[in-house]
Structures are given as C-alpha cells and as structure tokens.
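Note that the chains are named A, B, C and D in the order they appear, and that numbering of residues resets to 1 at the start of each chain.
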Amino acid sequence: MTNADFRQLWLCFGQAAAQNKEELNRLDAAIGDADHGTNMDRGMQKVAEQLTSCPPPTLQATCKMVAMTLLSTVGGASGALWGSGLLAASKVFPDMDSCDDKTLAAALQTFVSSIQQRGKAVAGDKTMLDVFLPATAELSQEVDHAPAASVIPPIAAEAKQWAEATAPLLAKRGRAAYLGARSIGHIDPGATSSALWWDCLGRVMGSSK
Amino acid sequence: MTNADFRQLWLCFGQAAAQNKEELNRLDAAIGDADHGTNMDRGMQKVAEQLTSCPPPTLQATCKMVAMTLLSTVGGASGALWGSGLLAASKVFPDMDSCDDKTLAAALQTFVSSIQQRGKAVAGDKTMLDVFLPATAELSQEVDHAPAASVIPPIAAEAKQWAEATAPLLAKRGRAAYLGARSIGHIDPGATSSALWWDCLGRVMGSSK
Amino acid sequence: MKKIMNSPDTLVAEAVEGLVISFPQYLKQVPGTHVLTRVHSKPAGRVGIVSGGGSGHEPAHAGYVGYGMLDAAVAGEVFTSPTPDQILEGIKAANHGAGVLMVVKNYTGDVMNFDIARELAEAQGIHTATVVVNDDVAVENSSFTTGRRGIAGTIFVHKIAGALAEQGASLAEVEAAANNVIAHVRSMGLALEPCTVPEAGAPTFTLADDEIEMGVGIHGEPGIERQKIRPAHELAAALLEKISGDLPLKSGDHLACIVNGLGATPLLELAGLAREVSLWTQNHGMTLDIVWTGEFMTSLEMAGASLTLLPLDESLTGLLQAPCDTPALRQGVAHD
Amino acid sequence: MKKIMNSPDTLVAEAVEGLVISFPQYLKQVPGTHVLTRVHSKPAGRVGIVSGGGSGHEPAHAGYVGYGMLDAAVAGEVFTSPTPDQILEGIKAANHGAGVLMVVKNYTGDVMNFDIARELAEAQGIHTATVVVNDDVAVENSSFTTGRRGIAGTIFVHKIAGALAEQGASLAEVEAAANNVIAHVRSMGLALEPCTVPEAGAPTFTLADDEIEMGVGIHGEPGIERQKIRPAHELAAALLEKISGDLPLKSGDHLACIVNGLGATPLLELAGLAREVSLWTQNHGMTLDIVWTGEFMTSLEMAGASLTLLPLDESLTGLLQAPCDTPALRQGVAHD
C-alpha cells in the first residue's frame, strides 16, 4: 500500500462518515446514545482537513496523524478505540511512502489487538470487532497466497454482512450492553461504521490493482 | 327566599361546578391558567359537604359559611372575589330562615359592589361581572314590580348569553388581561361559572314559585 | 400527562411535606397549612418577610425561606393563589414584632388574597406592608388594566429585602428598598414547550416543532406572540432589547441578571443563554456584575427561559452579594 | 427539536464559556479546552480531584468544581466522553503535587479515554489514581460484560473524596474512601419522557402517554424495561426495592439519599418523591439522615428521576455534611 492510497482510504472514510452520519446516529439511538455518527463524522472531517492542508509524508506519519486527530476530536468509545488502535498500528507501518502486503496485514492485526486490549471485547460481543476480527483474520490468512489488492475487495464486500450479523447478538461491551436482551435485534453502529471503512479500503485497493 | 332554597341553590351550583369542571378548565386554559373549574369545584365540594353535614340555621349563617369556605379553599381570583363578595352579602341577609325579595336583591347588589371594589373591574372588562352586573341590575329594577320567583327565571335564562357575549371582548382584568388582543374570541371562564350559578338560582326560584 | 405523583389532589400537600423532608435544616411546616417557615427563626425585633403564590414555581417560594431571604412562604394549589387564611398563618409565623413585608406578584388572585389576609392581620394587630412585583415587560403597563405580571424579578426583591431585614432595617426601610427594586427590575420570558397543570391534565397550549411563545408568564399561559424559533443570540437580543428599551438602559450601566430556566430547559442551554447576555451587554457598553443562572422561578415543566435585568448601584450590589442560606440560594460559605 | 442554542456544533463550547460567565467566582477555563478549574486553587500538597464525562448532565460536572469537591471538570461533547488530551489538561490543572484522583463513571468510552489520559499523565510524572463509579442497579453486574453504569451516586463520591482531600488526606486515602463509597452506593432511575441529543435532532426513544422506561441511564438511552406509569409511591418502592435488595439494606440502617431529577421533572414532583423515600425507609425501620433533592446529574431535558442510597456511618455522615462551595452545591454558610 502506498501513502497516497492510505490517504485516499481516509478521505473516502471521511465522506462515508458524513453521508452515513444520520444513519449511524439512528443505529446508536436504538442501543446507545445516538452519537456514533456525529462522533465519527466530527473526527473524520478534522482528519480530512489535515490530510488536505498538510498531508503527512509517510505511511507511519499518516497513521499517527489520523490516530492523534481521532483521539483528540472523537471522544466516546470509538475515539479511544480507533485512536489507540491506530496509534499502535502506526508503529508497524514503516516511516516510508509504501509498505508490502504483509506489513499492511500486520498493521491491521496490531490495530485489532490493541482494540481488544483496550476494550476487552471478544468476537460476538456486538462491537466493531465483529467486523474487524473476521476481516483481519481472513486478510492475514490469504495475504500469504495472493496480493492484497485482490484479497481485500472480496473481504470488504463481506464486511457489510458481518455488520448486519451483529443484529441478533446480545451486546456484552459498550453502552449497548446495559440494555441486556433489549440490545438484540439491532445492528451495532460501530460495526456498521467499520464496514464502511472496509468498503473504502476495498475500493482503494481494488482501484490500485 | 328561604334558607332551604338558598341551601338548594348552593347544592345545585356544586353539582354544576363538578359537571362543568373540565369545560371551565378548558376555557381558562385558553386565556388563563386552566384552573377555574378545578378551583370552583374544590370550593363547592367543600361547601356541599358542610351544607350536608351541618346546615347553618339562617340565611345569614349559610351565606357566611359559604363565603368562609370558598375563601379558605378556592384561592386564586375567584376565591377572593366570591369569598369576599359573599361575606359582604351575608351582612345584608337577615339572621332568619327567610327574607323578602328586596332583601335578596339588595344582598346580590352588595355581592356585586364588593366584587367591584375588590377587583376594580367594570362592565365589559371580560370578567364574571359581565354576567353579574346586568343580572343584578335587571333584578333590582324588576323586583319592585313583580315577585322574584317570576322575575329571576327569565334573567337566569339570559345569563348564558351574557357569558357568551364576553367572547369578543378584550380582557382588561384578571389573568386574561396579560394576553391583550389574544384574549379576544374566547369566552371568560368566570362569566361562564357565574351563568351556571344564575341557572341554579333560576331553577330554585322557579320551583319555589 | 405523566407526572411522578400519587394524585393531582394530594400533589401540593405531599410536596410541601417533601420539601421539609428534603431541607429539614431550613424548613418547618406550620401544622395543618401549606406554610413553610424557618427552622431557626429571626431574632425578635427584625422585620419578617412573607412571599408566596400558587405552587408549580419551585424553588419559589419555599426555596427562599431561610437566613437572608424569606421568613415564610405560602403555597397555593398549582398556579392558584393561596387563600387568605393560609397567608395569615404565614404572616403570623413571620412576625417578630417589627412588622411583616409581603412580597406579592402582580396577579389579580395573589393581590386580592394577600389584601384580604392583610386586612385580617391588621385586625390582629400585626403591622404589615405589601409590595407588588410587576417586572414582566411582555405585558403593557397600564392603570386601566391589571398591569404587568410579576415573574422572576421577584427573586431579586426577596434577596434585597431579605438582606436588609436581616441587618435590622425597619419595615418602612425594607418596604422602600423593595419598591426601589421593583421600580427598576425588568424581565421577559419565552417558551419552547408548554406545561401541563396536573389537575387539568392537558398541555396549556400546543406549539409546532419550529414555534415558540414570546412573552410567557409563569402559569403555563400562552405568551403575547407566537414566533419561529431562532438562534440563541437572536432570542436573547429580542428579550434584552424589550427590557432595555423599557427601563431604559444606557452604556455604562452596571447590571445584575437572572437567567432563569422555566422548568425543562437544561443548564447547558441556560449557560449558553448567559453567554449571549454577556456578549449583548458588552456590545452595548454595559457591565454584567452579577449573573444568576439556573432555575429560580419555574412554570412546572415548561421548556423555555426568562431574562431579568436590574441596574445596580453599590448598595444593591452589596445586598445581592450578602450571605444567605436557604434551600435554593446559598452564598457566603466559610472556607477553612 | 427546539433548543435555546446557536447550533449543535457550538453548544458545548458556548455553554462552557457561559458557565464561567455564570459562576466567575468559582470557575475558570483552561484556555483552548473544555476544562473548568477552580478560581481559588487548593494549597500545594493537597490531592486534586478530576471528574468529567460527556456534556448534557449539568450541573455535573463543572457544577461541582470548588472548595470541598472537585478541582477540575472535563466536558466532552453531549453524551460523549471527553478526549484524552482534554482529560490530561484537567489532571494537570488539578495537580498540586500530591497526586490526582480521577472519578470516572463506568462507561466504556469514559473508562478508556480516562485510561489513555492517565497513561499520558503518568508519563509526565503526575501520580494518579482512578476510581470507577458503577452505582446503577438497573444493570446486572458481571465481569464478563461492561458491568454497571455510573450515575447520580457519583455526586456522593465527589463530595466524600472532595472533603477528605480538602482535609489533607493522601491520594491512597482519598482513593480508598472513594472506593468505599463506590462499594456501597446504589442508584436506579426511570424516565417519563426521552431527551433529544442536539446533534441527532430526534428523541432517543418514544413513549406512549401511559408508559415509562424503568432503569434508564443518563445518556437518553432506553432503560431495561418499558412499564405503565404508576402512582409515585409504587414507582419509589420499585426503585428502592431493587436498590435495597442489591446492597442489601436492613432495618436500623442510616442512609443518605439523592432524589435526582433527570431534567424536566419539576422540584414539585421531586419533593413528592422524597416524601415517598422517607415513608418507605421509615416503614422498613431505616433512618434517612441526609436527603439531597434536586437536579444533580441530568440527562438533558429527560423527564424522570433517579434515587440513590448510601448507607452511612459517622465518618461518611461527617464528610457529606462538611462545608463545600461550588456552583451547584454549597454547605456551611456562616450566619452573623
């Protein structure tokens, strides 16, 4: 992945956050506090601004900038998770203009582990991890056999279904957990925004094939 | 008028207040604070209780008891006006079981003057006086020529129209005055309850003919 | 209508008991009444101060009973003036031999019931004086009508009269000071949502999603004009311009302000409104020396706010800042 | 949605300024942040206390900054945990060389953001400790999930930790006392009407005219169960039984209680609810030594209330009654 692609990924995600802000708030209203769209959009608009006004020169710098920006503008659960996850991932990305596929997979793996560590959630807890865990697991497995550019788009295509598959789950972490059984039947907002992120990654990787 | 008739008048008015409570509140909601029915009903239920449990022996005693009860249970503008008006009127009623028609007319006249003094309202200010002023004026005039029992029922029959005629008026006294021009187009709640009182007086006097 | 209550009939009586339970160090109930008086009463020879009115304006009026403010508060039914016999009990409880000032808001019912009570008190040999607060500039002042309403500016009257009475001023002095405040304090309110009188059960009016009522009082009644909702700075300017024009205010004036929530409006919004008042006064060359932001005189769960301004001189500033210790307003905590 | 505001984006920033304008004798803003600290800071060598969370809970948390309670409050966006950099500024402002206690309510976002801030503070050599309040018995406690939420019981933690810190206790002592309160304080709330998050613009849920939500938190989220509205004494009993069973309470216990309004519920109703708490505790042989009735930890303009109980011993009683001087809670006024 190149730094330009990486930047493109975040600009794409910024647009997705803006377009889906109301929908994410609506999902969060059902099982949380109606702010997930607002939170992600607030952070991503700031990220897009920074990426446009002074784009960081390397993958590591870009990742770190995104991390720090989200950490200081999003707040809430998603701010802490995306922020500290990306901060950890930035240490895996090289301080260069591009990285190979395995490094990309490793960085994403680190992102996920860091989120698991910070938030203590496991698969099936009805969180953003229910998209990120299967996606990164597939990526890590397949990246040994095929280029990321062809591996990622099909994974990205699955992400929306993984997000939707959180609907029947009982929330165990995050605000939705307080609802107990009443959390069942609603799609997790964080999983939904994560699927939007994977959709962007799929587009960026697909078009750079 | 006999003390028994007078008692009957208040029992009738108590029933009317209960039956029209919501309607009077509704009228008061439009140009006041939505409590005129509640206020009158609260006072009149207490009056009815007293009239039943220990009926005062004379006209004066009955009138004074009603005055004191309304004064101590109604509150608001109507409590002060009905209460102090009746307290003044009780001094005109004899401490006996009955009075002649002129005394009745004089007592009602005193009731009205006392209300004018306490509340400073004049005819056309969109208050209870817009029923009581014309009604007592007609009564005082006609009682010289005919018995109250035949004079009062037609006056009572007019009372409802006087109440309704407050609708186009601009309120100058009471809570409705704060609305200025917005008070126009609504019937005054105090005039409406006053018409109910005259309706009761009409029935009682008519049936004692 | 949903309320946390047992029944509309018992609501006020139970709330009066509940206030004593909540503030036992401040309030005690005159048995058999809805009158609340100080637990630690004033020394003999000091002027007593009584206020009151309908319920539904909490913390007014019982919330201001205590050191530096009121001696007794009389609560009527919701939005209904208390009856003369109850007011008389309040006067008796507040009387420490130097006379009693009654602070009445200008509503026909309040004025008349306090008048009757005053006649009763004077007949019992208690010296009384009445001041009538009419701070609401939404309503035209006119001697041919009821005149203006009394709303949140009443709290400044309580505070200033209360501080003076605590210092040992005579009834005439306390009355004159209260009338001086009344002559200069001005308020105006607006509602975003109506309230529901428990006994009536339905909202006192209805507003569309983009409508507000300008110039509302504190009894759930509609205001003087229905308008479209606008940004906070425009709402603040509309209220302040009306108040300022009425007084009138001028550049260089020092002011005290009450940013008063009517019930449902959160402190978050009231704080934002306080900021608009501050900006507006700055822009007009005035200085905001004292700002009280919170719920002081409410209208049940009405959403909205009122603004109150009082031009200050040194003496008023001192009296407003004097210590007080009541359920709703406390100033002058001693630090170690 | 109608709110007195200029725009949802600027609401919190403007409210933070408005709080300083409203309480200038108490609060100052750390420039460029939503952190409010004491105007008169603690002497060196005393433990600092920081609290915070999303906005929309006013007077929490800035309302408790002042003598005897907090040293700094950090405000996030509405119902959104503040970010670590802002929390770090709060910690720095509260640090007077004896370490800083962070009082965090148990929400994933708050816990994680305060954790990150704590890592940053420790990296800068500031000694910190964190306590996590989880008083809401509506939610099952379980180590496999997020566990219970922190709600109004947090105010007792502020008061007790604050009083101890003011007395010069060490960070370990203040932390232990706070954890002792947390181990025993329990709360539960109910909503009659939802609230509207300004950025979202629509109510967080809808209720029929006879429905309530039992077990709501303070972020507008639905509760654990939808029920029919019932008389106040039944509502109080439902909350108190759940709290009492969880602790458990027993006859002879002495208690402190917070009757907390969630936003739109008038003091009239809260006072009635306080009376129900008093009757219930009496009927169960318990003694209610301290009752705080009012709005302490709100959820914007939600209608409803929460009850909080804390079993008392002499030391806790003393700390709860110790003087404090903050925008929202003042105790210990000196009388002449």
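In this text, a contact is a pair of C-beta atoms (placed from the backbone, for glycine too) under 8 Å apart; a residue touches a chain by one contact, two chains touch by 3 or more.
If you're wondering where the values come from, they're calculated on a predicted model, not measured in any experiment.
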Shared touch partners for chain A + chain B come out as none
What is the shortest path, in steps, from chain B to chain D when you may only step between chains that touch? 2
Greatest Cα-centroid separation from chain B: which chain? A
Mind checking the centre-to-centre distance between chain A and chain C? Centres are C-alpha means, answer in whole Å. 54
Distance from chain D to chain A - Cα centre to Cα centre, in angstrom: 32
Hey, how far is the Cα centre of chain C from the one of chain D, in Å? 28
In chain B, which residues are in touch with two or more of the other chains? none
By the touch definition above, chain D meets two or more other chains at residues 78
Are the chains arranged, by touching, as a line, ring, star, complete graph, or other? line
Using the touch rule from the top of the page, what pairs of chains touch, sorted by label? A-D, B-C, C-D
Which of the residues in chain B end up touching chain C in this complex? 25, 29, 31-35, 38-39, 42, 71-81, 83-84, 118-119, 172-175, 177-180, 182
Flag every residue of chain D that touches chain A in the complex, lowest number first. 54, 76-86, 107-109, 112-113, 115-116, 136, 138-140, 144-146, 149, 197, 199-200, 202, 204-205, 217, 219-222, 224
Residue ranges of chain C touching chain D (in the complex, touch as defined): 1-7, 11-12, 14-19, 21-24, 55-56, 58-59, 63, 67, 78, 166, 192-193, 207, 209-210, 212, 229, 231-233, 235, 259, 263-275, 277-278, 288, 291-293, 295, 298, 300-301, 303-305, 323-325, 330-336
